[in-house]
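Every chain is named by a letter (A, B, C and D) in the order it is written, and numbering of its residues begins at 1.
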Amino acid sequence: MFFASDNTGPVHPKIIEALSAANTGYAMPYGADALMDKVRGQIREVFEAPQAVVYLVSTGTAANSLILATLAQPWETIFCSPISHINEDECNAPEFFTGGTKLTLVGAPNAKINADKLRRKIEAEETRGVHGPQRGPLSITQVTERGTVYSVGEITALCEIAKSYGMATHLDGARFANALVALGCTPAEMTWKAGIDAVSFGGTKNGCMGVEAVIFFDPKHAWEFELRRKRGAHLPSKNRFLAAQMSAYLTDGLWLECARAANAATARLTSGLKQMQGTSFLHEPEANIIFAGWPRAGHQRLHEAGAQYYVIEGELEGDDPDEILTARLVCDWSATDENIDRFLALVRG
Amino acid sequence: MFFASDNTGPVHPKIIEALSAANTGYAMPYGADALMDKVRGQIREVFEAPQAVVYLVSTGTAANSLILATLAQPWETIFCSPISHINEDECNAPEFFTGGTKLTLVGAPNAKINADKLRRKIEAEETRGVHGPQRGPLSITQVTERGTVYSVGEITALCEIAKSYGMATHLDGARFANALVALGCTPAEMTWKAGIDAVSFGGTKNGCMGVEAVIFFDPKHAWEFELRRKRGAHLPSKNRFLAAQMSAYLTDGLWLECARAANAATARLTSGLKQMQGTSFLHEPEANIIFAGWPRAGHQRLHEAGAQYYVIEGELEGDDPDEILTARLVCDWSATDENIDRFLALVRG
Amino acid sequence: MFFASDNTGPVHPKIIEALSAANTGYAMPYGADALMDKVRGQIREVFEAPQAVVYLVSTGTAANSLILATLAQPWETIFCSPISHINEDECNAPEFFTGGTKLTLVGAPNAKINADKLRRKIEAEETRGVHGPQRGPLSITQVTERGTVYSVGEITALCEIAKSYGMATHLDGARFANALVALGCTPAEMTWKAGIDAVSFGGTKNGCMGVEAVIFFDPKHAWEFELRRKRGAHLPSKNRFLAAQMSAYLTDGLWLECARAANAATARLTSGLKQMQGTSFLHEPEANIIFAGWPRAGHQRLHEAGAQYYVIEGELEGDDPDEILTARLVCDWSATDENIDRFLALVRG
Amino acid sequence: MFFASDNTGPVHPKIIEALSAANTGYAMPYGADALMDKVRGQIREVFEAPQAVVYLVSTGTAANSLILATLAQPWETIFCSPISHINEDECNAPEFFTGGTKLTLVGAPNAKINADKLRRKIEAEETRGVHGPQRGPLSITQVTERGTVYSVGEITALCEIAKSYGMATHLDGARFANALVALGCTPAEMTWKAGIDAVSFGGTKNGCMGVEAVIFFDPKHAWEFELRRKRGAHLPSKNRFLAAQMSAYLTDGLWLECARAANAATARLTSGLKQMQGTSFLHEPEANIIFAGWPRAGHQRLHEAGAQYYVIEGELEGDDPDEILTARLVCDWSATDENIDRFLALVRG
């Protein structure tokens, strides 16, 4: 009963197999390997973007920070949600890689950046000439950090606003696949057709061992990105083992299969929780993350039974068994019906 | 016949097995996994350093840059060899991670920093008060980038000089194991007993897939390093798969076994080349790298036969078959006698 | 009728005289001059702080950024008001000098940071271990950017909160003197006795040509600050001409005299505006800045007559003569009753 | 007898007068003042460069660092002399402002960068693809830090080499005027006609109080430079007082007059020293700096008499009265024949 994160579960066996299969003799280092050529082709095909440039890095923070550093000047400000990973969970990595860019936090009810608020925040910058920060890129997260999913229309609307101010756009897709299967659209529709310039395309949270793809739809960013990646110490010598993961992930729809499994498990868990009295949801779960509250007694039973997840509001210790504590529950591809049902039984008591 | 680098060869099968074995169910992320505990214990034991703090990163540039950023202030200068990896091959990553530290290049005949020159360069800094850069750490590479190996006495002498000026010391041990088996000393003798404060302990070039350990012998650096690593986007979520590699590497002497194999292959190749007339060596090979020259005709035969290595002086194309071109040849753990002998036969013609 | 800023007016004649007087023969550069010794003594006396270390720089942004870089680590976040100069008017200079520190904006009704909100924002950081930014210094502005003044009790309360979390404290005193004469307290009471660690002590906006003092009450910051100042290119060779300004400023109470004149002029202007119907104030002016609104017709008359000030809400062009537009009015030491009365007459129409 | 530096002497009276004259009423801040318009016109005229963009900063380190940050990317390396101010005397300011650019030191016999060595150093970079630093701008100093002066031909030759590699070029002209009058050429000939892209045009060492002009001959750099200057805290609010200095400096040839006086004083001192037995010169003095040696006894007499200058080789204390110690002597515009002759008499004994 591990629902703490989608980065604690096992790697999909096909990913492990791919590493083993890639380990045949010699291969050129630093991305000059044949498997990397294959990955480039796969991503261009999946995204219907034959001009796209593609790189692999080993962490999501690296993908985000290196993309933002390529798109932003140090005297600019990046528009993002207050609860975005780049604001809350990267220990100032975006500020470090960009050389001191500011983040302008845009109100995000339901965890999604609001278009009107975005426009107001953009308008409020560049009102002081050289004295204030200049407008930099927009960064949005899909699936959001609260488990909601932007519709294609919503992404399009935000990008249109950004573009009308000449701003670049970034999609933090650490859970790209979970959003895609939730929306039932194509990768192209969710990105460049909607106005996105660069994507952090996550693999690690969805069955890979440690690989994220960086995608720029405009190849003009290629060489600068390569220099920034190397300077950031994120150019792996044995790149073929990142490529092997990503290639297997994109082969025969494994990435979609894993995401569907994670979302289905989340739906089962959501459905079970909804059937219980006294359960409340912070946001309607749309992909593989749930923020839900139920009485303390249920949490206590779960923790005694070894369930792992974060209580984000309220203290597990406490006398009132009926007080509602809010949990964050995440399912990955490996979540089983058995564990979910056992979890639900324990909540119920 | 791949002698271009020790980062192009296959991963040792035991490392792949270890990844597979680590893929059992859930594990805490970010270094809180049980395998990481094991690695900390193994490294402390191998280094006879029970207080040491240990971290894993996926590239050697990350290990070097993050250590140097922890040891150096941005207004300082790092003393290193002109041909050090941190100067030549990291695209200003040390300058980036330190926030703008300078590198002071110290003459390094035979690729090893000369003690007298080090002292003179240190003396030449801090002669201008606040106007000039301040003295920062000493960084040395073992095995050097030219295939030579510092003796324990040489390391001790350089560290003594550094310590007499209050400077910290770093060992870039991308090929730590190759040096260790060449010297026949203990890891403690080659590091903290000789005055080294922090080590980049390489795995990737010696049979691993992509893992380097960072070791500080003084635990006071722990928290700052952890923050710098996260901010540098080098904290992997699924850390257990770095730990699995490093743990297997240190189990049953696999790391020493791989290094001995690489050094033995290099010795066989060296010996063969020495027997040929007209072969000259830039430096006497002491570990797993050779810089040697022989006539163009031999190089041409080799390249036609598909041999891979860098010609670092001279042009492969050219009319004079007798002109001496210098090659850089590197052997890893997987080099076979058969390939070496085939290579030597081709040189001979 | 220049009320656009307190950095557009003339320099006090005594400051010019002091420059001339300092221009006698040779003087040691870089702060080793006798006048700088005098300044150190004067500031220590004025602040009743014999241990304080004192430096001069030529801009307020330099004073703020260099102090914050000395007090904050790059993985920390600085707590400040959304309308603080360091957030809005320094083009990311604090982020640049600190190496990428974040700013956490704390609600500031009446432009003063609210103690409860500060506590909540501090509590909300460091909840994610190594993943989130760490708590850095508190920075407050006195006089605030909206013309209000923190009481000594308010500063003390904010500093107590900061100290209870081990955080350092900075006072941006670009208008230090204006606040001091408004409160009628001593410099020590408004700073170190209230818990402030470092002060940007402004001269430029109050009659000087271009000089700000940096004051650390704990001398442990001295050497790091000196290196950061030099590395930031803010160490003037002919320092005596900064020292001459600051010394004259502190001699015979010139600094207090200038501030009293500016505040009195502001009070006269405020009083006149209050007597008019339809005038509203964003905040009660407490020092030398007014945010007030009155009908468009008055603004139009003023601009036609050559008055200089910023309309911060509303557009000067427009048809409705009765619409209220908000102005920002600033008085410096040189504002005359005549100009103020002429201004008021024009508002009235 | 002050020969320690050209930043310790008095400011020319006309500069002080200009400050006083500029102090009339109100003036727009941040460079929007009428005096700044005048300065732009003067510099464009003096340099025969009607398109040039011109900015003022208060230190030479600021001028150099901000220009280099505008011309260089952080993954590049700047080619300069080992004894250049940017390498030795700016406490890593160039590395700070550029975000971590490296400096590649090019052999400089007679303190002037050697063309062949420059070409070799440039060729030695960009040999490692993404792994090594990329070629950045060339920076040369005129007058050099050893008192020699590049001929127009020499500057042209170095710039041609740089341009042939697509590199930008910077002239650190802290002593621009001293070089110009030594060469007898025009400012245009010494800069853009010779291939220079950007100039640090010094005023401080030649009679001003603290002002340097930044000149880019291509206006495309304007906005980026303005943002970098503000972000570096080098945009003065009361800019008119920098402009007043620079304008007076350029009026009626004051800048040339001061430089001629300084060079003439240096020539008188050089000539006197040459007439003495046992005096040796490190370099032939060509502008206003002398590096010369004479016996210890002479130095001791001078120091007892209160002469101020640096002994850069050898120790003043010591028994042997005949040992040669090398001094660095700098003359500014205010050096008098009387003092020089008194100095020479003391050397002679």
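The criterion applied here is as follows: a residue touches a chain if its C-beta (ideal position, glycine included) is under 8 Å from a C-beta of that chain, and two chains touch if they have at least 3 such contacts.
Everything numeric here is computed off the predicted structure, so don't read it as measured data.
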Going by average Cα coordinates, which chain is farthest removed from chain D?
A
Counting C-beta pairs in contact, which chain pair has more, A-D or C-D?
C-D
Taking the mean of the C-alpha atoms as each chain's centre, how many Å separate chain A from chain C?
42
Taking the mean of the CA coordinates per chain, how far is chain A from chain D in Å?
52
Distance from chain D to chain C - Cα centre to Cα centre, in angstrom:
34
Provide the list of chain A residues touching at least two other chains, using ranges where the numbers run on.
74-75, 90-92, 96, 99-100, 130-131, 134, 227, 230-231, 235
Which positions of chain D touch chain C when the two form their complex?
2, 5, 7-11, 13, 16, 19-20, 23-29, 57-62, 65-66, 90-93, 96-97, 204-205, 209-210, 227, 230-238, 241, 308
Given the complex with chain D, which residues does chain B contribute to the contact?
74-77, 88-92, 95-96, 98-103, 105, 128, 130-134
Under the touch definition given earlier, write down the residues of chain C that touch chain B in their complex.
30, 73-75, 99-100, 130-131, 134, 226-228, 230-231, 235
